[in-house]
Amino acid sequence: MSYQPRIIGFLCNWCSYAGADMAGTSRMSYPPNIRIIRVPCTGRLDPLFVAKAFQEGADGVLVAGCHPGDCHYAEGNYHARRRYALLHLLLEFLGIEPERIRLEWVSASEGKRFTQLVTDFTEQVARLGPCQAVGGQS
Amino acid sequence: MDLSQAIRDKARELLETGAVKCVIGYETGTDGINARPAFIYEAAEVDRLIFDETCGHNLATYLLHHRAENIAVVVKPCDSRAINLLHGEHQIERDKVYIIGVVCPGVVGRQWGVKGRQLLPACQACTDRNPVVYDYLVGEPVAEGAPAPAPPLPEVEDLERMPPEERCQFWRREFERCIRCYACRQACPGCQCTECFVERLEPEWVGIRIDAPQNWMWHTIRAFHLAGRCIECQACRRACPVDIRLDLLNHKLAWEVAQLFNFRPGMTAEALFPLATFVRDEKLGVGEWASS
Amino acid sequence: MSASSYAYYPGCALQGTAREYDVSTRQVCRRLDIELQELKEWACCGASSAHSLDRRLAVALPARELAIAEATGLPLVVACAMCYSRLRFAAHELEDEAKLREISSLIERECKNTTQVWHLLQVLDARDIPIARPLRGLRVACYYGCLLVRPTDITHFDDEDNPQVMDGLMHRAGAETVEWAFKTECCGAGMPFARRDIVLKLSHRILAQARGAGADCLAVACPMCHSNLDMQQLNMKSVFKDDFQIPVLYFTQLLGLALGFSPKELHINKHFVDAMPLLRGKGLA
Amino acid sequence: MARIGVFICHCGSNIAGTVDIPRVVAEAQKLPMVVHAEDNEYTCSEVGQRSLREAIQEHRLNRVVIGACSPRMHENTFRNTVASAGLNPYLLEMANLREHASWVHGDQREAATVKAIDLIRAAVAKVARAQPLFARQIGVTKRALVIGGGIAGIQCALDIANAGFEVVLVERTPSIGGRMAQLDKTFPTLDCSACILTPKMVEVGQHPRIRLLTYAEVKEVRGFVGNFEADILQKARHVDHDKCLGCGICWQKCPARAPSEFDMGVGQRTAIYIPFAQAVPGKPVIDREHCRYQQYLEWQRAGAEGKKPPECRICEKLCPVGAIDWEQRDEMITEEFGAIVVATGYKTFDHSVYGEYGGGRYPDVITSLQLERLMSASGPTLGEVTRPSDGQPPKTVVFISCVGSRDDSVGRPYCSKVCCMYLAKQSIMLKEHDPEVQSYIFYIDIRAGGKNYEEFVRRAQEEAGTVYIRGRVSKTYPEKGKLIVWGEDSLMGRPVQIAADLVVLATGIEPSEGAIELAQTLHISYDVHSFLVEAHPKLRPVETMTDGVFLAGTAMGPMDIPDSVAQGSAAAAKVCGLLSKDTLALEPMVANVNAVKCVGCLLCQQVCPFKAIDTETLRDGRIVVRINEGLCKGCGLCVSACRPGAMNLRGFSNEQLLAQVKALTR
């Protein structure tokens, strides 16, 4: 079997998790690699969970939340955007290809967008191969 | 007047009047060359105090261990930014701290055998010569333009140019050496936690084993916890017994924070930490994927 | 704006039909210790036609002048309202970096778009003016025209409906100014050959309003306005049977008078409607 | 020791058709702490739920994982099920095998099965670290605060009070009534505005359960739903309203004059005044800025230099009951409330940016609200419309619509919604006042969506002969006693010129002064134009994102009187629903602090969108944070900001998320 990347998806409960549900309800299809973890808000997710996922052996991490302005908690995704902008640069500097990390906005009605995003991202990570950056056995 | 003498005079006055219980400054170490921190409680002891280019330590860190009493501390410009950082993060009470600021000529690394004269690379590039906050200033203030972030260190730029695999090999070589002594953390004024995440079993952010992935995790979290807060005093680098290039990691993030948010930590105590706020329609290069 | 030396871009009109504007400008500036360094090799700013023919040319022409001025390191002052408009417009367009690169290569000159462009009114407004002969009893209608004030976010000049800069200068010169509503109405601008009927109608309306407001004369800052309002009075006489005989002067000429120059030194005797009887009547000549 | 039960749902063939259920069950059984695993045809069915309850009891399960559909679908169902079996409802975790596996990987049985096993493993890891959570009950203060005494606030206060709850109505000006009180007639019925409004104002003033605080402002609000505490500033009136009879001798004799705010500056009032004759309360206040005695005192304080102002005090001498009280000071009143309604209304756009209309430059260019005062029988001209410049009745009137509406260039892209209608009304009323009046209305579009609105505009055109010109005005200037208005008739494609006696600007609606400060202390959001934002534009139109705070009327956007009244009543219904409860259950999945680890950097306080974090000083002097569970919504921003790991989120703890990450990357 060809290389199957291991992808973790952190989705906010209100928009993106519902968007992923929407993809399911609409019987859309995307690659099976992604494993979804539900969080209340992208602002809840300490970016270090993303770093931790890589250290534990993930090949790609997707974080998705409500579009700017739509956060259920009004401001969570704005804070997330700043934190992830920095984390992105840090991990890239440490040698993790920036293409392995995505912060995106998916609304509850965007099942199609979610499907496209996951497909796109899975292919992108698959092309990069296993993530070697952290190194050694864990 | 000689900087050392000025510090001694001020320290004597502060101790004699009872304004402070202790003056934290520098004294000549046992090797007769390198300075070390000195904690002066008696006016009679002030002559131990010195200031020269080996006075590298960031003494602001020690304020974290002396929160209850009135303390005077000798700070260089970068250390003075640490004071603002601590003040802004409510770690010190400003009126309990008497700040003796020193106009900084730059400092050298640890000297072996004889005193060298080669300033640290960070000091060579540094443009901040005057402390940003002080109660008493030692030395003549230098005329400065608007404070600008130092350009990225050439070594940081070299690393940025490398392909990701090379860069990650570089860091693997660095982190492999780490013996997890946490001296970097102890030296850092930004590390204030009563219990560090690294020493916690649940949630276990970093495994107890000392190996490449766990070391990677430790240094990643340490760097991120200091993102937007590190004032680049080089204390961690100086403290590291295996000479890990923590300065490059810190500098990269400081540079990016300056670029993204136009922010330099510690310039004032009131400035809002960039990760504590946001701008609604800012573009930061994340979350901008447009599906076809 | 406190500098005393300026790069000076006269523009074509001030070399021809508006000689008197150039002459009076130089006189006034000399008296006020404002050094004007005429731009070397200055050329057309593109006014009145380039922007209706070619958008790139409309920026490139004034950009060339901006680049030349930039090399002097001095702020740039212009008297002609048309030139002012085109230069400000170009500076605005060049704020876009891609545009700046494109235009720089087109004019084969390095341009960083750092030149400050000022109209003479703004420069004089910030100076002390030692009045030698107050224009007492002279009632002036200040006419700004359209190009100085519009569009406001490009020209950054003054209130677009009721500008005050020239009125303020005239007050300082000792004159009265009339309150009227046509300070920035269109005079017909560049149409006197193609559609003289329009120019006559519009300019006539302006003069009628000025007269109705009780003005003895008009003060202007634009060569085009001047020629429409001054020269066309003869034609208005035949078309509208309305003989205004109301002198139209450049504000620099009136200011020059107040500074003590003779009408001749300011070329006040060069207009179609003779201003001398009015000035003599007021004891100003 | 955790004893976890795993229940895999077939969901008919929805999951079982793709996922190899027996394999998932077999794998689940191997997981640590799992003591029982089974599969059900439909776990959510009565049979499935019974099986779940029985298994909990039989295997003494203390944690449950259900592999089925999305938790957004059935989490509540299963929480109730496990609760009925005696388990804490938060010791349940769902793995989304349907929406996230079988439905999206229908053609990949192996991959979907592997994924299902992973998801079960993560859910087991998470639930093993779950803590029992308990919804805390809090009491409800059965009183409401209504901020703003316009028609929306009046309606709201009356409805709440009539339902049996106490209300405090706070109004900034000396009288309630708001904008509606300023209007002459209302569209499209041409009811006299005061005639339909004043009975309601009187009812408010006399209602046994309404406490009216006029000339007062809400300065600060603390607390949370059911338990608010508000600081209300009662400004000094210098008139003791307990003594005052409202006889009016003082304001009839006061010699000082000031422009009347109520009359929009076209009339005058005295320094001791009631804003209008039907004001509620009908008792005056003294405006310190214009009062002669206050000016005298100010002159004395400043060192008694220059001309001595008269020592007046006429009101004091004439007052039959001695109600004038020069010693009165501003006073802060602190009260407790269970719910708050914000009905702070609007002000009109400052038209001075439109130099071409000549407002402010020419006296006969007025605003529509000023015309309203001139038309009102209780207005400064007693209903006779005259020109401000010379007092002559205008014969030709030009109305300009959309002054500060639908114009991006002045930062007002929105439609103010009421202007088209009131312009029609004003043109009809002018015709009724004086049949010789000819009105012209420059408009962009005529927006007359509403019951009998379109008909009303037709009436203006057909009966009142109002000429509608589609286009904008480019210039207004005076000539020979007239105002010449230049405009464009964009339907005819030609310029028009009208010599008018009066020009009326239909200034748009924008939020009242101070709306942002109020929104900030209430912690409710506002949009780029400072209008307050409702919780959901369709489904929660009078609620805010802060529980217990509601909105009514034009504070949230332009609307007309019937909409404002409807919103006042809607907000009242929401308030009554809240106040009818004795206790409220708080969301248990909120943040909590471990004070031992907190270093007091207060970053959490800065990021919290709900002001739910307070500080407390421990006995050792350390300052640490504390969660206000009434305000916390459980977003977790503070948790991810907390470096020392002192902050955690119940139900989504760091331990749980980390366990999930490890389980999924194994």
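Letters A, B, C and D name the chains as they come in the text, with residue numbers starting at 1 for each one.
By our rule, contacts are C-beta pairs under 8 Å (C-beta built on N, C-alpha and C of every residue); 3 or more make two chains touch, one makes a residue touch a chain.
As the structure is a prediction and not an experimental result, all values here were calculated from the model.
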| item | value |
| --- | --- |
| Chain pair with the higher count of C-beta pairs in contact (B-D, C-D) | B-D |
| Chain at the geometric heart of the assembly (C-alpha centres) | D |
| Chain centre separation (chain C, chain D; CA means) in Å | 52 |
| Between chain B and chain D, centroid-to-centroid distance (C-alpha), Å | 46 |
| Centre distance in Å when chain A and chain B are each reduced to the mean of their C-alpha atoms | 34 |
| Centre-of-Cα separation between chain D and chain A, whole angstrom | 35 |
| Residues of chain D whose C-beta touches two or more other chains | 607, 641, 654, 658 |
| Shared interface positions of chain A, touching two or more other chains | 47, 52, 75, 79, 83 |
| Touching two or more other chains - residues of chain B | 205, 275 |
| Which chain pairs touch, all of them | A-B, A-D, B-D, C-D |
| Chain B contact footprint on chain D (complex, rising order) | 596-597, 599-603, 606-607, 621, 623, 641, 643-645, 653-655, 658 |
| Interface residues, chain B side, partner chain A - complex | 159-160, 164-172, 205, 207, 211-214, 216-217, 220-221, 223-224, 227-228, 249, 252-253, 256-257, 260-261, 274-275, 278-282, 284-287, 289, 291-292 |
| List of chain C residues in touch with chain D within their complex | 159-162, 181-182, 185, 209, 212 |
| Complex contacts: residues of chain A adjacent to chain B | 47-48, 51-52, 55, 68-69, 75, 77-79, 81-97, 102-105, 112-113, 116-117, 120, 132-138 |
| In the complex with chain D, residue positions of chain B that touch it | 68, 89-91, 192-195, 197, 200, 202-205, 225, 272-273, 275-277 |
